[in-house]
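Starting off with a structure, shown below.
Order as written gives the chain letters A, B, C and D; numbering starts at 1 within each chain.
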Amino acid sequence: AAATATQSHAQAADGDPNILNLPAHSKGLGQPVAARPYGLPSEFEKNLQRRESPGLTRVGQASVSFCPLQGLFGIITPSGLHFERHHQGWWDIDPSKHRLMVNGSDDSMLKRPMVFSMDELMRLPNVSRMHFIECGANTGMEWGNSAVPTVQYTHGMLSCSEFTGVPLRTLLDLCGVDFKRAKFILAEGADGSSMTRTIPISLIMSGEVLVAYGQNGEMLRPENGYPLRLIVPGVQGVSWVKYLRRIEVGDMPYATKDESIHYVDLQPSGLHRQYTSIQEVKSVITSPSGGQVLLDKGFHTITGLAWSGRGKIKRVDVSTDGGRNWKPARLEGPVLAKCLTRFNADFVWDGKPAIFQSRAVDETGQIQPNYHELRKVRASRSIYHNNAIQSWQLEENGEVKNVQV
Amino acid sequence: AAATATQSHAQAADGDPNILNLPAHSKGLGQPVAARPYGLPSEFEKNLQRRESPGLTRVGQASVSFCPLQGLFGIITPSGLHFERHHQGWWDIDPSKHRLMVNGSDDSMLKRPMVFSMDELMRLPNVSRMHFIECGANTGMEWGNSAVPTVQYTHGMLSCSEFTGVPLRTLLDLCGVDFKRAKFILAEGADGSSMTRTIPISLIMSGEVLVAYGQNGEMLRPENGYPLRLIVPGVQGVSWVKYLRRIEVGDMPYATKDESIHYVDLQPSGLHRQYTSIQEVKSVITSPSGGQVLLDKGFHTITGLAWSGRGKIKRVDVSTDGGRNWKPARLEGPVLAKCLTRFNADFVWDGKPAIFQSRAVDETGQIQPNYHELRKVRASRSIYHNNAIQSWQLEENGEVKNVQV
Amino acid sequence: QQADPAKAQRSALAGIGRTATPAEVKAWDIDVRPDFKGLPKGQGSVRQGEVIWEAQCASCHGSFGESSAVFTPIAGGTTAADVKSGRVDGLMPGANQPQRTTMMKMSTLSTLWDYINRAMPWTSPKSLTANEVYAVTAYILNLGNVLPEDFTLSDSNIREVQGRLPNRNGMTTAHAMWPGRELGGTDRPDVQGSACMTNCGGEAVVKSFLPDYARNAHGNLAEQSRNIGPTRGADTTRAALA
Amino acid sequence: QQADPAKAQRSALAGIGRTATPAEVKAWDIDVRPDFKGLPKGQGSVRQGEVIWEAQCASCHGSFGESSAVFTPIAGGTTAADVKSGRVDGLMPGANQPQRTTMMKMSTLSTLWDYINRAMPWTSPKSLTANEVYAVTAYILNLGNVLPEDFTLSDSNIREVQGRLPNRNGMTTAHAMWPGRELGGTDRPDVQGSACMTNCGGEAVVKSFLPDYARNAHGNLAEQSRNIGPTRGADTTRAALA
């Protein structure tokens, strides 16, 4: 590590050859505009990819690829690195043939069932909002003990984008939904799994739930549901139904496969909590984090992400001694509801071991728990909704490791 | 147009074959996760590319490619579609060899000149902020008359990203700059043109000017200055020096080629205004816009972007009768200083001709002028800093055209 | 006129979208609710189900639903006592069940029918007839000792079979994580952290960490981190530095 | 201790970055300011410049700097009268100059020297010696009738030559678009729009539009717009629909 740490140091008496000998790009002509009509990252950035966690799943089409949080900045996730979770594989659907149907579980739920084309949906009044999406199973492998080495695998089922779409409420209004009878909707996808999830009408009435086509300025990516996806801010990713083809308005929850057999949280009582949906207040330090090696002693920036499915982040504290003492971190703007918030804190490394932790508080006053506080109530078999404080241990050799205290 | 407009209509008595005959993706298995470790847009989105304006420039390495604003949503520009402006071509620079030097125009300006590697810069306290970047020459072709057909060519030297980097002020502090003597800095790039621009120290003291490496969550793209770029919020793009290699602290402006021969605004007096830098309050309707054809009468969403180099957007008004009558548009959140703001407004098309305009007001009270107001003061030979109200004429056949009223 | 904004908007937006035809709704409205609304008429026996299972399902899920080749096992881990109580003992703490199978968790029978009907077999979802779904559902229930071998499942007896599911009483909505009040949950989250800022708790002792032999289990981490910046990815093909 | 936060931070950040060596500063500090600070000693004649120009510049800029093959012409549009007044008449309204050349706009000679030195020749920037830059700068000034053919430009006479630039008095900083107060500009923007909301101005009459023959000049716009949504790109390979 010491060798690379001195990268900028004058390597000869005179100075650094990278300065003294002008590089080719200072003495030549580069490439023309639009050489790449759609650009890509630098060749030197290839290490940051979405990756599967070896052994986690058995088939690639019913699996997850994790977002490389260890290398990301700010709050917007580059769409090319957005995490993926498919149940029956992803498709690149012809949008001119895609339809959205809204119907009732019976005739009393709405005046008329309707069909919309993409052309029509994109004419309707729309909004643009920044929100995080987190899989309910994010950090699920860590309920019992430290299991995976890096923040990509511990927390990488997390991404954040600016979404553009039509409030679902508008579509329900157009169908003349009887809001006295209707209590739930079922959202259904068009892929093989035809993913189905129940959402309460009350949440839709708030205008927050979107039928979205836009993500980070362009159309949704195929892996994220092109051309249409449900956006359910604050709620776990499985409810953000991709390739959205149908909304059914009804008066009871649907207990679909991913509401009864999965995404249910096993409690110490032996009961499963059903319809656990909100992603509670959570944060993680993304760098320095597991699997990284600090190059040098001295000043470092501790950086990470905080979020809550209940609203805005109010504060984040950071500890470098495993949770004994805490200092407030700086929050970068904008701080938005149900959106990632980037935090930063100073750290001067004296070469001794340290344990980094971050702890978020949201605007409802909920404080992110440590593993002790979380397991006291829920034990460790929930699989889903692990929002415990993450610990990264810095060793004397500069290596950072995933630990639990 | 009529034919495509009825896309969602039941095409047989029974209904739409796209619904009645389940598509392949509802009856099969899709692709696995991480099939694309770094994802790309859908195959159906190829029409949106950055493009050169034919005849505008003579060589691709001293040229511009325009951002396809006509198809974008929200405020974040997908990095792959970010506009490009190169003076001597772009490079993909090895970041391990890249250095930033800070020196003084003479010894009295600072305690010591310094060199930083990327490793070091990325350790320093950093911030993440969303800002627009607009070339000073954006809309330059339209000073005299309508010249190009679409918003990509009229306004496409405009993009907006979340940037992450170190306040330049921190680096000047580290060098012990004497802020009583120092009044300006010169920023210099490492490419063939080694672009140089003067920035006032007063702006740097505000903490706004960043030495940035991050853009939209990942590293800057090569076309946008990888690995290091100066961010000068509110100021024209040419000052956002790419491939940043050097900052010189001095006591007078530098009158570089792009401060004396270009990016000077010819006034009716025959004098050139020099050091015009701020991008003043401006807006444009991105859809419906020139070169588009409305598929149908009835409801449409008018959508566009507003921005000001002086701070936040306070309001945007929209006219559909060429500026006689105006209605306030809805602003999408977040509304941030020196950042794009997305606005939306309703429009019900009765089939008659219309002229769409948008007019932005910023928090300092500056109101975007129409061409009459702008030319009364500056005539039409400025080339740079055309922030006039844009008009799009909707014809009875549904086609929208670039006009001036 | 401001009285009903929804109505005002409806009229402004008139002409966008159209009424769905009955045939269209029929083609797409395939969901089956816990109260069995949406369930098509039909029937299928355990024996018919076995034939379909062997032909179209067993390759992935195993002849007895025991395979974990593509997913957690479907059957296993339930007992006759569970069928009576409606609570699966294997889910109690310390029960030491190696896996939580579908049969152990499933509390609503509609779920199984609906899911097979919409998504299985995996490579050709929505290819089974209603009767075939009844049959294969019956077979899975037989594998789970919920139904006898000679049973024929149908839309008229499915409610009774629901009453035999081993984990039918195994769910609760008494929590604060549903984003509404429809399910009778609670308002107050069950877990709350601590706001302590100094001298909190005892010494920080590491209780869990990754074993050295797993160092390279996720591939070489040196290749999974950026090659510039204040850190590098650890070279996990080698032992950690002293 | 809070008295000097900059100092406090300096010490926390100690060890990040290092002092630049004199050789390093020399290698990169190439800028030349309007007061000629930064200008290396040296000299070059118009005639020497002509040789370099023909060999290394004329292919792109033309023998007389007249070519617009790669960029606007470098020379042209200035007169002996301009050299006297320091204001280029060709920039006045109605002057009817076809192009605004470099020579017409340039108000500081440092700019030309600095730019050639850092960026030209285009495909091999920073390859000229200081003397060569003097020479070619002299040649360009000769093309612009600023210097006679037998002139030798050097660090000792360059200030005088500055006093002959045709547009040396052609710049103003009296505007509100500099983000500071260092240049003696104004605080109030020169242009302000109108806040009028109803019945503003006269009828909206279209005064400028694209001619029909240019319809397809930017390629087929049907291929430059998304193929779904409320609009399509116009097919500009055909005449507009009636």
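Points worth noting:
Following the convention adopted for this analysis, a contact is a pair of C-beta atoms (placed from the backbone, for glycine too) under 8 Å apart; a residue touches a chain by one contact, two chains touch by 3 or more.
As the structure is a computational prediction, the values presented were derived from the model and not from experiment.
Note on connectivity: the fewest steps through touching chains from subunit B to subunit C is 1. Chain centres here are Cα means. That of subunit C falls 65 Å from that of subunit D.
Subunit B has its Cα centroid 27 Å from the Cα centroid of subunit A. Here the CA centre of subunit A is 21 Å from the CA centre of subunit C.
Listed for subunit C are residues 13, 16-18, 20, 24, 28, 122, 125-126, 226-230, each touching two or more other chains. Contact of a single residue of subunit B with at least two other chains is seen at positions 4, 8, 10, 16, 19, 26-29, 44-45, 48-49, 51, 59, 71, 88, 95-96, 101, 115-116, 119-120, 123-125, 192, 194, 219, 227, 245, 295-296, 298-301, 346.
Every pair of chains in contact is given here: A-B, A-C, A-D, B-C, B-D. By the touch criterion given at the top, residues 4-5, 7-8, 10, 16, 18-19, 23, 25-45, 48-52, 59-61, 63-65, 71-82, 84-86, 88-99, 101, 115-117, 119-120, 123-130, 162-164, 190-192, 194, 213-214, 216-219, 221-223, 226-227, 243, 245, 295-296, 298-301, 303, 332-334, 336, 342, 344, 346 of subunit A touch subunit B in their complex.
Only residues 12-18, 20-21, 23-24, 27-28, 122-127, 226-230 of subunit D touch subunit A when the two sit together in their complex. Only residues 6, 9-10, 13, 16-20, 24-25, 28-31, 33-35, 37-38, 68-71, 87-89, 91-93, 100, 102, 105-108, 110-112, 114-115, 118-119, 122, 125-126, 170-183, 189-201, 203-210, 214-215, 217-219, 221, 223-234, 236, 240-242 of subunit C touch subunit A when the two sit together in their complex.
Subunit A makes touch with subunit D in their complex at residues 8-10, 14-16, 19-20, 22, 26-29, 95-96, 118-119, 122-123, 219, 227, 296-299, 346, 348.
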